Every structure is written in structure tokens, then in C-alpha cells.
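Read from first to last, the chains carry the letters A, B, C, D and E; within each, the first residue is number 1.
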């Protein structure tokens, strides 16, 4: 439905506001922050000013970049593996009811395990000297939303389409290729988008609990531990940017491939 | 109930009005802090007219920041970490250097060939990070090694990474992680590991040794707030009593910490109290008195240590306000004459037998 | 029934792999792709379960492990519930504002999404520090409130998104119907938008509950709060070298805790089933 | 007050991303009180838009819309009309009775009066036995009847209906048409009725307004002689098989095709 | 082979949670090759079920269904029929051309042959210019035309259509009917056509099968004299306004009402 509802502004003004509004909110928040620090005089020690964070950001630029690459690649590997496993398992669960029901408690459990609980265990199981633990945690964190959304997607094929495939005497492989997978695709992509920032956060937080050094998480904690808060914030800013990058890339992917998605069936 | 305590009770406090004091620890409740808990449990603080809240910390709480932010009145923290905070703008003073020596070890397998810091080169070296790594870098710097010559691995809460060979040499505190190793069964023999299964490098024996648990106070308040000054002396007196008690009654002190929420088993807890005592006693100048040579060594080490991202804990000498013996001296003076061993000359560590799992 | 089979299958896989897998795991090149099978890395299922019924420590008054875990879990559940409630209030509040004014939606929504890319663990000490200076009259900020606040930070996000979707879900035909009745904003909200939002809110609230538990546990570890499951989680992880099975007690506890929290919200769905008549009965 | 709706010189233009869409131009239309007027025309000709202008769900770009002598906005605030759409638009979480009660509830009718009125209305649409059911337990025709009962709840003097029977099958539809004829006779309300079906328009209406698209205009207003000949209540089932009926159907068909000849060119995309 | 569909003594019962639903009983029906047969009847009388039995999308509980002398299953595997439903059922991620090509693709027709055939089909339904569009860029009527082209892709001798025009507006619908008449004449295929609309059934069919519900039975088979009088291609627009047309409409109406008299009792819930 291309019809814009309930807005009194024209489409052009709308586009403008969509961009201006979030920027304005951001500028206001930053302004208030800087104001608190410089004018009201909240101690810079407690709450570094945006200006001093930028300063640290520039000074530690190289270390920030290499840490972002390290954490980013852990998150990326986790996201890819977690998504692939999630899609594969969802396919099995969609195909066999038993798999679906057996996986339900396991997936529900995975969805509620805190990273703190998992990190030491994974370090023991896979070795603290490798990035594997972090990648595994990112993978687990990605797995859950991808699995849940993909499974939903696999169940979205409509009766008409299934009948049609039967009328064509299509083989089950053909049905999978021409109907089931394309139908599930937008749901998969939504799951991957949700997983994307989770993967970054998880890979980063996992660094707090052991393993090789050099990632963003380790550097945030080291900087904070030595009271270099402005530097810690600079690393935090980098991690937000990394999370945002993941989110925007997956969002873009979703938008690109979802242009002709099946309309959600709304009738009961 | 205020314990009537031994001795003649110094300046007993008449009124019911207790002064509220918050003390920030640097980790979970455990034998490392036995003296403070003993002072609390035995009423030493109350005798001094103080109502002390002991606040444990967890993974990310930085005790000296809690102090600098005014959340608490005193904090326990390692010297090099606080030096870093002071350089970042915290205004803090070391008022009692409780631990006289470093309790950090670097443990490797007996057959690993890692006998000294010089052997670290090219190895995977474990550390907890979080500011606990400066001794390693300082010791390495003294050997002419920089951080890029080793691979630093962050250790988590236990020694599994070392036991399974992920790291070649693990950081361990004499009072905790080293005991964890000795509480673990060797899968090959089924028996507990023995000290001779390991090579142990004590940083106390290296150039990198740095001072650890000290009591820190707010510099500004110390200078201008008379009430705080008085409280400080009273606080230190009670703490001294607590640690003297722990030295003389390690079993009881260990039970007290367990009662305060330490989750360790009795044998591990007792080990921890005993090993902590060894780091405190003897204190030739009296407990808590700063050994200036050790301070200078710590500062030198902190200046020389450089981590893998090129950062140092400090880049210049700390200010003169960073430590003072003024208050601990006053506390010791006031306790003089009581029947207390303030230097630990009569201190004898006990033998503790560890059991599997530290339970 | 099948669910039990699923859990059993995991246990069997665990023991089966432990039986046949090499002690040092399966390595491809430098990368270990399958875990080590030592008792240190993978304790036997029966050891993990059996450990639950042994005392926590050798001390005379020690509780059995399961009781200590349960006690800690209850503490955390309370904190998480408080965090969840705050998350509900904030999340629904934000959703209401965004639903009411589209300009607010445009301005806030990107930041709400962005908020979830912030590594919250980095802020635990700051939250605790800021909290500790709040003291209004008889009210004094407690450390558990910092934990609850962090829990609410994780909980509010799905709730805000779900509530916004739900409040925006009424078809145009329904909003226009209310318009023809000359119904005001509040009437439309109470009679139309809230009831219509129920099917969206319920899964969001469930997700929020799970997130609140995760957030509470992480924040307990971060701030060192005593008494909760986060505390015993690191405590026992610290003892895992000598007593590997013990560390699993709080892990199971955390999982059960999360399931209980999410499950309780699911119960809410049963009560509100009349508002979910349009949902597919799968 | 003999005029229910008075539309004078109405234009309606929508601003869309791809430019302005002129939905209606130069519409003049008067509906007398108690009169039954149908709007018919190809998809996209602006029938719904016109009805929404009367209901004050949209505002005209030019011209005036008056309902019972008031501005459309005032008429809406005064609840001068009842409305029903193609999809029944019942609230799925409310029972049939509660759905019908909704407008009464919103306007503060006391609980006792409300239930009396709801019972009366459900009786009128033949659903007294279904008061406690939920919409998903009803057939499409029954749902539409609930929607009509709801539209009649406050005894409006004007009923606006946008393809209310569009989703029903032919037989149910005929039955609903007869019901509507009866109900509108009982209540004496004027009706503006949007439909795609020529026989439906012919059967129901006093006048049929034939519209043509691009931009939406009134092509022709066909008076139904049926209306002149007989009272509305006399529109029985037999009527459908009478010669006069077929003649009227043919008349409307021709008016329609005048506006949009039966060509082969596929129509545009704007009616998706 | 002059018989397209032969149905003998067919019953169909569905097992549901709330007991068995008898959808069809004692159905006997023969459709000749090239014949156009419509199924009409109230909602729930089993029209779709009967069509699904012919298509082997469901299996009869009793009786036999033969298509061109083979069992229904074999006929499906041999792709003896093309099929179209009320919702066009296009794959939204495929272009118009790719949608039409789908059955050819599935059955391994070479790429070159495929595109020739697709072009031909799109020509036939008047959508040659829209080959590269996506379904969501088309109007409802255009989508249905794509579905019909797809059903014709493999030149089936039998076309099964379940209310293919049900969702279209009256004018588009009439246009589509004319197109279908032309296309079925061109291809010579037999058509089984399910509809709710009497004029539609009358306009299109050689015979109209009137069904009645509970359980679904064949009430009457009304032969259209039109079919006897004139070739199917002669069913022009003018026909719709002729006397004979109205007579046939009346005949079908009466057959229908015989089975389910126009009462006032609300119908049951099974057709939700």
C-alpha cells in the first residue's frame, strides 16, 4: 500500500523530517552532555566530555581500528556460522515435527543463557588462547533469532502456492527451491538483521571473560580499570559504530532482497 | 553487640551516634580481606565509634573510582592501578600500605623451561588484565622485553586455561589461584597436584614487583576535613586490630570471612587468610607503614611498563600527596602500649592442608 | 514429551561425544572445532546433576548446591522482575509517545535501535556510581537497583518495539471507525489500540523478561552484587579447576530462571487469550 | 430538514510521492432525507473518496460538503451518520454484543439502556442468538450484519456504506440486500451506498450515481423508476426477475460504459 | 477421447476436530472435451472440494474421478490440466514472465522454447508489455490474467478455475469473462469453472451445474441454450443485454433457490 495515511505533511516534508528529527535528537543530547561537563561542571573524571572522547579517539585511532577489526571479525564469523546453523536447523524443524518439538526447549534455553555463564565454560572447552570462544558466543547469540524467524518463514507458504506446486507434480526439491526458500527469505533476513548487533555485543562482552587480548571489550575494560574513562568511551563509541555497521549492512541486505516480498496474510 | 574487646579499650565511645563509613573492597568477600571483616565482626569499628559498611566489588567496579567519585570513604586497591587513576585526575592518598609485598606469581609447568621472566619471550602469558598486568610488563621491561614479544591471554575466573595448556604461564595470587592449582586432581595420577609439579616465579623476586593492597583515602578531605581525619585514624586503628587478630587467629578469621559471604570452602579460606598474613607480616615499621624503597620500585616499575596498545599506567612521577604515613603512624602511636604485635615480629604462619575443589 | 526427548538427546550427545572424542578435542589446523572431552572441560552429565545434591562446601552448615542456587536464583528473579517492570513502563511509554507523534517516532526510533549496540557492561560501574549519589528523603538508592536498572535497559527495547508495532497495528478501518465515533485519543487508546496491541505485546514482554534476567545476571557480575545468581556464577566458576561440576549448578540455575521468567509472562497470554483471537493457532 | 447530504463543487487531490492524484473533480450531489442513493463506477473512480468526504474522514480540496445542513465535521462530531465498510471491521476481542455496543459505550450511554438497545439491534439483524459469540465464530455475512447493527446503533438519519457486501457470495448477498431494504425502510434513514454490482445498485436504490474515473466525475445520475413506482419495502425477491429490473440494469450498464468503454487496454496500476 | 472429466459416485468426507464433515455425496458428472461447465452454489456446498478432487489435490472418500480416461493422480502427474484459483497465487519474487514460465521450468522445458512460449502466452492475455513487472506492480485483474496465462502454459486440454474473477470489480470482471471466452475458444480446452455469480456462469458456460449444500449434492444441471444456439466465440458483450440472457439467469436463480430457499435463518459457521 503506497498510500500515506494520517499525515498532514506532504511526502517531501516527510522525508526531510525523517532525517532531521533523529539528527536533532542526537545533537540535543550531545549538546546537553557537553553543557553538563563544561558549564555545570560535572567532573570530567566521572563523565568525559564529547570533546575529550573525540580527542582520545583520534589519539588511539590505530589501536581502535585494529581492535574493531578483531572484534568485528569474531562477530562476523559468529553471525555467519550462527545464521547458517539457524537456517539449517529451522529447515529440519519445519520438515520434521519431532525435530521442531525436540529443539524447542533447547532453543528456549539458549535464548536465556547469559554470556557470563557461557564464557568460562567455552574457554575451558575450546581453549582460552583462541578466538573460538567469542565466535561461538556470537554464533549462539545469532542462532536464536535467525532460527526462530526462519522457522516462522518456512511456515509462511500459502495454501494456494502449495496446491499449485502439487498440481505441477513438483518434486520436494523443486518445492524447496522455488517456493519454500524464497518465501522464507525475508524472514531469514529479518532474523539476521536482529542477530547482527547481538553478534557484535556478544563477541565484545565475551572478551571480558577471558581469551586473547586486543579486542574492543578488553580495551574498554583495561581503559576503565585504569580510570582512562575518555579512552574507554572512545572504544565504546567504536563498538557502537561497529554494531551500527553490522545493523545497517544487514538492513540494507534485507531491503534489497525484500522488495517483492509476499504480503503478510492478515485475514484470520 | 559491641564486643568489649581485649585490652583497655583506648578512647571508648560514649554516645550511640556512630559515624557512617563505607569501605570499598576490590573483589568478592574472601580471606584477602579477612582483617576488615574481623574488625567488623568483632566490633572493633564500633568500639571506635564507626559504623562501617564493607562493599565488595565485582568484575568491573574500580574501587579507587568509587572513592574518587565520593561513593565511598575508603577503598582497598593495588598501588599501580591507583597511580594510573591519580594521573587521570583522581585525587587520592595511600594512607596505609597493608600488604608489604607482592603476592603475584607466574606459574608454569615444571618441565616448561620457564624459570625466569626472561623465558617469557615467545610464550603465551596469562593475566587477568584489568590493571593486574602491570607487574608482568614491568618485570619484562626490566629484562628488555616489550609487550609484543609475548602473547597475552586474558585469564578468566579459574586456572583451566593453564591446566589445559592454553597458556604457558598463568598469573596466580599466592593466596588464591595458586591454591586452586593445588586443589586440582592430576588426571594422570588421580592425586592432587603438588608444588613440585610447577615452576613458580614470584614477582616479589623480580624488578617488576609492585605494592598491592593498600587503603586509599580522599586527598582533599584528608587535608581540609577534620572530622574525616579523626575518622581515618579511628578506622585505621580498628583495621590494625582486625589484621592483628587475623594473624593470631587465622582459623577464626577464616570462619568470619566465610560468614561474611565468601563462597570458598574452609580449607581454601584458611589457606587464603594464612597466605595473606604472610604478605602483611612481618611489617618492620608497623603494619600499614609505607616502605619508601618499595614505593619507589613500584613507581619505577609503573613508569617502565607498557602494554600491547602502547599505554602505560603512568607517564610521570606521582604527586607527593599519593601516599603518607601520617595517619597510620598516628593510629599506631595510639595503639602503642596495648598488648598488640604491631610489627608481626612474633608472627608464625601455619600449615594449611588443601582439599580437592577447595571445598 | 518431545521436549524431554530433546533434552535427553543433548545429554546423550554430550556423553557420546565425551566417550569417543579425543581428550584434546578435534583440531583442524590451528582451530579447535570440537571441544576437549576432559572432565575439566566437559564434566559427566551425572556428575553435574549429582553435584547439585552435595553440599556447597565442606563447612558444617553448608546447604546443598541446588538450594544455594535456588536461593540465589530467587534473589535475581526479584531484581529482574523489578527491572522488567521498569522496562515495561519505559518501553510502553516510549511506544505511546512514538505512536502519538510521528515526529517523535522518527526522532527516537533510530536511537532506540542504536541503544542496543551499546555494550552495557561498560556502563555498569557508572550506573552504580550515579545511583549511589541519589538520596531523596528517606529513599536511598540500593545497589540492587543499579542491577535492576541495567536489567531494564535490556528489557525495554523489545517492549518498546513490540508495543509500538502493536499500537500501530489497528487497521485503518478501525481507527477511522473510532474517528467516525468522534472518539478522542484516550478512548481510541483504551478501546482500540491497547487491546489490538496485545498479540504484539505478549511476545515482546516475554522477550523482555528473558532479557531482564540476562541483564540482571550480567550486572550482578559486573557490579559484584551479593546474593544473586551472578555472584555464585563467578564464585563457582573460580572453583571450576578443582570442582568442575560445581560451576554448572548456577548455569543450570540461570537457564531455569530465564525459562521461569519467560514462562510466567506466557501465563499472562492465557489470561488475555480473548485478545489473541486473530493469532494463528499453530 | 429534507436534505441529508449536500455536496457542491467538490474537488479532491491527493499528494503522493509520485505527484498529485486528482481523485475527484466538480462533484455536485444532493441526497434527500430517507433517500437511497448508490455510487457505482470502475475501480479507482473515487467512490470511496467521495464517501469519506461525507464522513469527514478526509477533507475536500475545494467545494463544500454539508450533512443535514451542518458542515461535515460538525455532523461527524454530532454522530449524524452511521458507517459500514467492505470488511466488517469488528473488533475481534469483543463479542457480537460488545461490538454493537461500542459506539454507545463511547458516547456514555448507560449500561442498562445499552443492553436494551443492543438486544433490539441484534434482533433487527437476526442475530439475537449470537450475542455472546466472537466475530471469528461468525460467517462473513453474519459479520456484515453485526457491522450494520453497529452502524445503526445510534439511530442515525444517514447511513454510509462502502461496498458492505463486496466480500459475500451471491446468495448471501441477495439475502443481505433484502435485509437492508427492510432495515432502511424501518429506520427511514437516508443511505449512501457504494457498490460495484449493477444489479445490487438497481435493486436497492432510488437513484444510481454512475461515476467515471481519471479524474473522478459524476457521469450520470440514473433515477430508478422502481423507486417512483413502489415504496422501497416493496422491493421483494420477485423484483429481481422482472422485465423492468433488467431494463434498469441495462440502463446503468450503458451509463457506465459510456464513461469507460469496454476496451482491451489493461487498466492502470493506481487501484492496487 | 471425447470425455475430459468423468466423476462417478463420488463422496468426500473431511475428518475434523469437531467430527466428520460430509462435503460431497453421490456426485456424478461428465465434462466433455472442449466443453465449458460452471459449478455454482452457495458457500460451503463443495464446489472447491469437487474441483480439488478433479485436480487430485484431495482424494475422494468413495467413487472414482477420471480425467481423459486416466485416474486423477495419473492425470496430474501427466499435467493434463491447468489450474487457477481465486487468489492469483503468483510468486511475488518472480516477474510476470518468470511466473508464467514456472510450470515450464519445473518440467524441464528448454530456456529458448520457454521464452517463446511465455511471450506467446503474455500476448494472448494482453500483458506483453508487462513481462518484467513484479506481481505487486499489477492490478488485481492483471494478476489474474497472469495466473490464467500460467494455467495455459502447457496447453492443457482441461482448465480448472476456482472463482478466478471473484476478487475483481464488476467491470474488470466482465472484461475478463470476454477474454476467457476468447481464450478458451482459441485453445479448445474444456473448462470447469467455479463461480458465485449467476450472470457469469450464464455468460460463460455450455452447462451450469447448480449445487446445494449440507451435504454437497448436484441440485440440477442447467443446459445453456446459448451454447446450443451459437458458437462460444459469439458470446459478445451484446449478449448480456439480451432477453435470452435474462431468461437463463432466471432459470439458474430458480434452480439455486430450490436447493436453498431464500430464508431468513442465518447460515451456519462452517464457511468461515
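Everything below uses one rule, namely that contacts are C-beta pairs under 8 Å (C-beta built on N, C-alpha and C of every residue); 3 or more make two chains touch, one makes a residue touch a chain.
Since the model is a prediction, treat every value here as computed from it, not as a measurement.
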Chains touching both chain C and chain D, listed by label: A
Set of chains adjacent to chain C and to chain E: A, D
Chain-chain pair with the highest tally of contacting C-beta pairs: A-C
Identity of the chain that, by mean CA position, is farthest from chain D: B
Centre-of-Cα separation between chain E and chain B, whole angstrom: 86
Distance from the mean Cα position of chain C to that of chain B, given in whole angstrom: 35
Averaged-CA centre spacing for the pair chain D and chain B, given as whole angstrom: 84
Mean-CA-position distance for chain B and chain A (Å): 41
Touching two or more other chains - residue numbers and ranges from chain C: 36, 40-41, 121-122, 125, 129, 221, 230, 234, 237, 240, 247, 277-278
Multi-partner residues of chain B (at least 2 other chains): 59-60, 62, 65, 69, 156-158, 160, 164
Sites on chain A at which at least two other chains make contact: 46, 120, 124, 127, 130, 208, 221, 224, 268
Which chain pairs touch, all of them: A-B, A-C, A-D, A-E, B-C, C-D, D-E
List of chain C residues in touch with chain B within their complex: 36, 38-41, 55-59, 121-122, 124-125, 128-129, 132-133, 143, 220-226, 230-232, 234-243, 246-247
Touching residues on chain E, where the partner in the complex is chain D: 42-43, 126-127, 130, 136-142, 145, 169-172, 174-175, 178, 196-199, 237, 240-241, 246, 250, 253, 256, 260, 262, 264-269, 271-272
For the chain A and chain D complex, residues of the former touching the latter: 1-4, 10-11, 268
Contact set on chain A toward chain C in their complex: 5-7, 17-18, 21-22, 24-26, 46-47, 98, 101-106, 108-109, 111-118, 120-121, 124-127, 130, 132, 155, 197, 200-201, 204-205, 208, 216-217, 220-221, 224, 232, 236, 239-240, 242-244, 247, 268
Chain C contact footprint on chain B (complex, rising order): 27-29, 55-62, 65-66, 69-71, 156-160, 163-164, 180-181, 183-185, 187, 258, 261, 263-267, 355-359
